[in-house]
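The same subunit A turns up in both complexes below, where it pairs with subunit B and then with subunit C.
And now, the complex of A and B:
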């Protein structure tokens, strides 16, 4: 609503006009806002407070204020450094893998061929499947003896060892990444497909008629149109990957040897396996800080990019 | 001519490969459910489902706690849907139609909720729930799920309300209808399809939810299907076929309904990140 309209609305409000008083928007807002404050904001503040205490999950009323000790502890522990590194690798590969494969799929689906509608619907199946079901079928397909992926690898001469892929410290993260990307690429493809449909077809045709090669057309025309959407999707994928829990927890619980332990997994097992909710809260705060840096940083990159393009 | 036909063939092959990758795991879930023990543990896997074994599905549903799990999931999902739509409609209306102080703060709050991992909130909510006796209760899960799905629901609905011409509302207001009346009589009927889509999003968010359910529910009779299914991992007592049959029945409705609501889900989720 423009400023003028707002002023009119307020003036009318004083005259008790049918537009309602100036409190009207707050009345509409109140239930949801109160709800979010109660179930998100207050717990978050509580969590921030907990991160400065030593608190046991089973006896939370007896907590001791220990200042920054939790933070000092986690940043000096080599386990936590491994966690940060794993998180970084996990998020980076997820984002690059999902956005890259999603873009390829979107380009493939963005053309005329028989059965296009069916193909576009079917490709979204991985994203629509519940995470629990995905974890179950992935675990079964990767089963050390009877998993079809293990058997297929064995058939082409690759032996993943008797304990299987998910128990192999070199391969577990790869398997988790592949499963995550399988789950994510349809979402990227669907979003980019709708962005691709706003690329002016005449422009592409004209360029191709002039003998420009496909790669050049993609870079100069198509990419310029979809670039903002790609940036947005990359941001979403980053935030989602930072908070992904159930897939990793159910497939490996962070193991073997902590090779798949991301921040969220570390946080949950600190809280519910070790019962140390103070330390867990500190890990959570680090995670939130990282997410904030990503979001704020992406806004900067975005506005810088807008300024540089005339 | 020849080159372009070749291009079309290559493209078709590419599409088929991708569809294969996308659908195969779900197909494999169904096939595994419909495979006899002898074939399941054979050297070479059986690649086609054995359709004479469809009784596995009936058994998986009636023997064991599957029906109770699915009923609990449905209760949680329906509750979350009703509550998040009831809270989301007025929120969406306020964000779409009014300008007011603190609008930016509300937007930031909504963005922040998208960044918070459930695994983080589970700890403070756990203490809160213990104090208010909400552990081991389905309403407790409904309350927690609603907090996480409400922002997306509100953004989907806001987008829909944005699309209604203001003239329609103004006409009603001139006739003396109060704002709540306008919302109920003009806006809600017009955005009914988006409400349906938001309901699908909320329903399956709660249907799929795992972290809160596994942490807040101890009573086996109150477990939803997500927790029950997860319990199969690493457990030896249940046959692989039964597990896969239950997993398939859990997956099918989610996939079917998401296909219907896909357009709105995508719009809502991306809008959440842009406008926040």
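And now, the complex of A and C:
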């Protein structure tokens, strides 16, 4: 038998196998597709439907179609406008703060110094700590009477008010942002550290031999390599920050005076305090829309950057 | 009493045998179990009873004993306690009930009780409970009906009193001026004269605390038909609350868990709290020297944690649930329950045992307040209490923060809440 004949025979044999069917790829995709349809698509459609109804949590089967009323109500509410603004500030500062501090830490951990292995292990601790424990420890450290941070700030002459940082409308969001960034930056640092380790050493050496200083090397070599990773992390941070709940809820429940109320806090409050799951669904849809805009926007920016790269 | 129990037990046993026989004869013709059997007897069933107090380290085991006693008193109905943590109790159970499921018996708090009754999730009890033959405490029982229909009976009522550390404060204050003076005199170094909740993170707790000031100064959140959030007496009570906050006699920013530990460690002189706190405080520090007195405000009206026992309208074993309800309302069980609960009152008027009074001589202080206590809801607006609470607490905190006067804060709260309730 010639080689060609043998290959043809093998191909025929493969076609006969059930795994060789043209339906095989779909078969493999089926579990994932079923999961997405069951646990994401159907709930999303239900949520979209709910957002056009007046539905009480205690009587979810007796809902009334009210069209766009829930959306009109939330967008004409000054409280919701403040919630949107707080959410945007929270997300922006979280992303910039976590990515910025994570990058600095990654650069430090990528340099050569004694005890680097221990430092790399220690830096992951805030990320490894459960969110609830982080929130409770932060609340304790910020306690108005006994909190170590409050005491330290007072000792250096910074007035945080008698009621403490978490009950001060000017400082509560700052405290929550600081806690969030503290919890997030290790993840950014670890991911960027691995990206930094993939920067070709010969490129760095070549740039240094050409007389480039460290800042220039970072800009033209290192940054170009890690940029896609930074973009991906920024996208992840944005989505995670949009839906962060437990830390804010445990530290302030959205207070004082609504200054730390983000979309998810508002959603929870509407659904389980006010028991208005129709209105809560409308808030959820706004959150999904913002997330979609971020994802599509980032893809657009990424594509534009790729096109402009020679 | 024993005679009553024995007769009931025989009836249940007979019902059990009858039901078993019927089920054998009619095997294959099973029913849904929705209704009692044709002759009105109780069908054998295992039912669930949800209460946050089952998970309480001090109270839980005592309540379990009561359930065990019921389960052993007959062999037809078995009750399985379901401990749902207090912070998520209402949300968990109401969501289940809204979905057509949930426990058969529930010990609710008042806000959830009114919401559930309003949504038609509770079994009406007017024809099921012979209220006239029971010596029910009239004060709390008044709130067991919604729109003239009874949906529950009191399981326990925990009245708010003034706890004071007798080492720091040998003589309790008897009016508000003395209360303020005592709080100021006791505040020294790391010891505070008083403690209460004042942060948004403890919204429900702030509501419970300010409730005593509003009602203790003659105010009320509503007259049953209209909201009265900015009533002059309410402002007076809330300004009294604010004056204590401004006087720096409380550990500001400390949450309830923290300042309750401080009270147990002689670091806080006074606290307004309910009867459930007695067991918890003794558990934290058995050596602590403390006593209780009525809250020294102008009007003898204070908040209470009223917890109705209700039957889930979705239950497939309402007859079994009702049997437990009737059993627990019998005088012997009421006495046992009151002993288990410590400082709380039960549905009916009961006598404290001499042993209990010897152990805690100030128990009558709690009991005498039962009929002047109010549930911590906005009367007439029970289902909207959570929303009104959020508005009021936010406005009160804005006044504490100095952003507006208490009068302006409550005027704003009134306007916003009126818009909410229509």
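Quick notes on this structure:
Simple rule for what comes next: the second predicted complex is superposed on the first by the 272 of 310 C-alpha atoms of A that agree within 3 Å, B and C clash if a C-alpha of one lies under 4 Å from a C-alpha of the other, contacts with A are read in each partner's own complex, and residues count from 1 in each chain.
The criterion applied here is as follows: a residue touches a chain if its C-beta (ideal position, glycine included) is under 8 Å from a C-beta of that chain, and two chains touch if they have at least 3 such contacts.
Bear in mind that the values here come from a model prediction, so they are computed numbers and not experimental data.
Once the two complexes are laid over each other on the shared chain, residue contacts for A:255 go to subunit C alone; subunit B is not touched. In the superposed pair of complexes, A:279 makes contact with neither subunit B nor subunit C.
In the superposition on chain A, A:91 contacts neither subunit B nor subunit C.
Set against each other, subunit B and subunit C touch different numbers of residues in subunit A, with B touching more. Using the contact criterion defined above for the overlaid structures, shared-chain residue A:167 touches subunit C, although it does not reach subunit B. In the superposition on chain A, contact is made by A:125 with subunit B only, not with subunit C. In the superposed model, A:196 lies in contact with neither subunit B nor subunit C. Contact with both subunit B and subunit C is seen for A:60 once the two complexes are overlaid on the shared chain. In the superposition on chain A, contact of A:144 is made with subunit C only, not with subunit B.
Residue overlap on subunit A between the subunit B contacts of one complex and the subunit C contacts of the other covers 57, 60, 139, 145-146, 250, 272. Residue ranges on subunit A touching subunit C, taken from their complex, read 56-61, 139, 143-147, 150, 162-164, 166-169, 250-258, 269, 272-275.
Of all the residues in subunit A, the ones that touch subunit B in their complex are 1, 5-6, 9, 18-20, 22, 24-26, 28-29, 31-33, 35-36, 39-44, 46-47, 50, 57, 60, 105, 108-109, 111, 113, 119, 121-141, 145-146, 148, 151, 182, 186-187, 190-191, 194, 229, 232-233, 235-236, 239, 242-243, 245-246, 250, 264-265, 267-268, 271-272, 277, 280-281, 284, 287-288, 291-292, 295. Residue ranges on subunit C touching subunit A, taken from their complex, read 91, 94-95, 97-100, 115-116, 118-121, 198-201, 203, 248, 251-255, 258, 383, 386-387, 390, 394, 397-398, 400-401, 403.
Of all residues in subunit B, those touching subunit A in their complex are 8, 11-12, 14-15, 18-19, 21-23, 25-26, 28-29, 32, 40-41, 44-45, 86-88, 90-91, 93-94, 97-100, 106, 109-128, 143-144, 146-147, 150-151, 154, 173-179, 183, 204, 207-208, 210-211, 215, 226, 229-230, 232-233, 240, 243-244, 247-248, 250-251, 254-255, 258-259, 262, 266, 269-270, 273-274.
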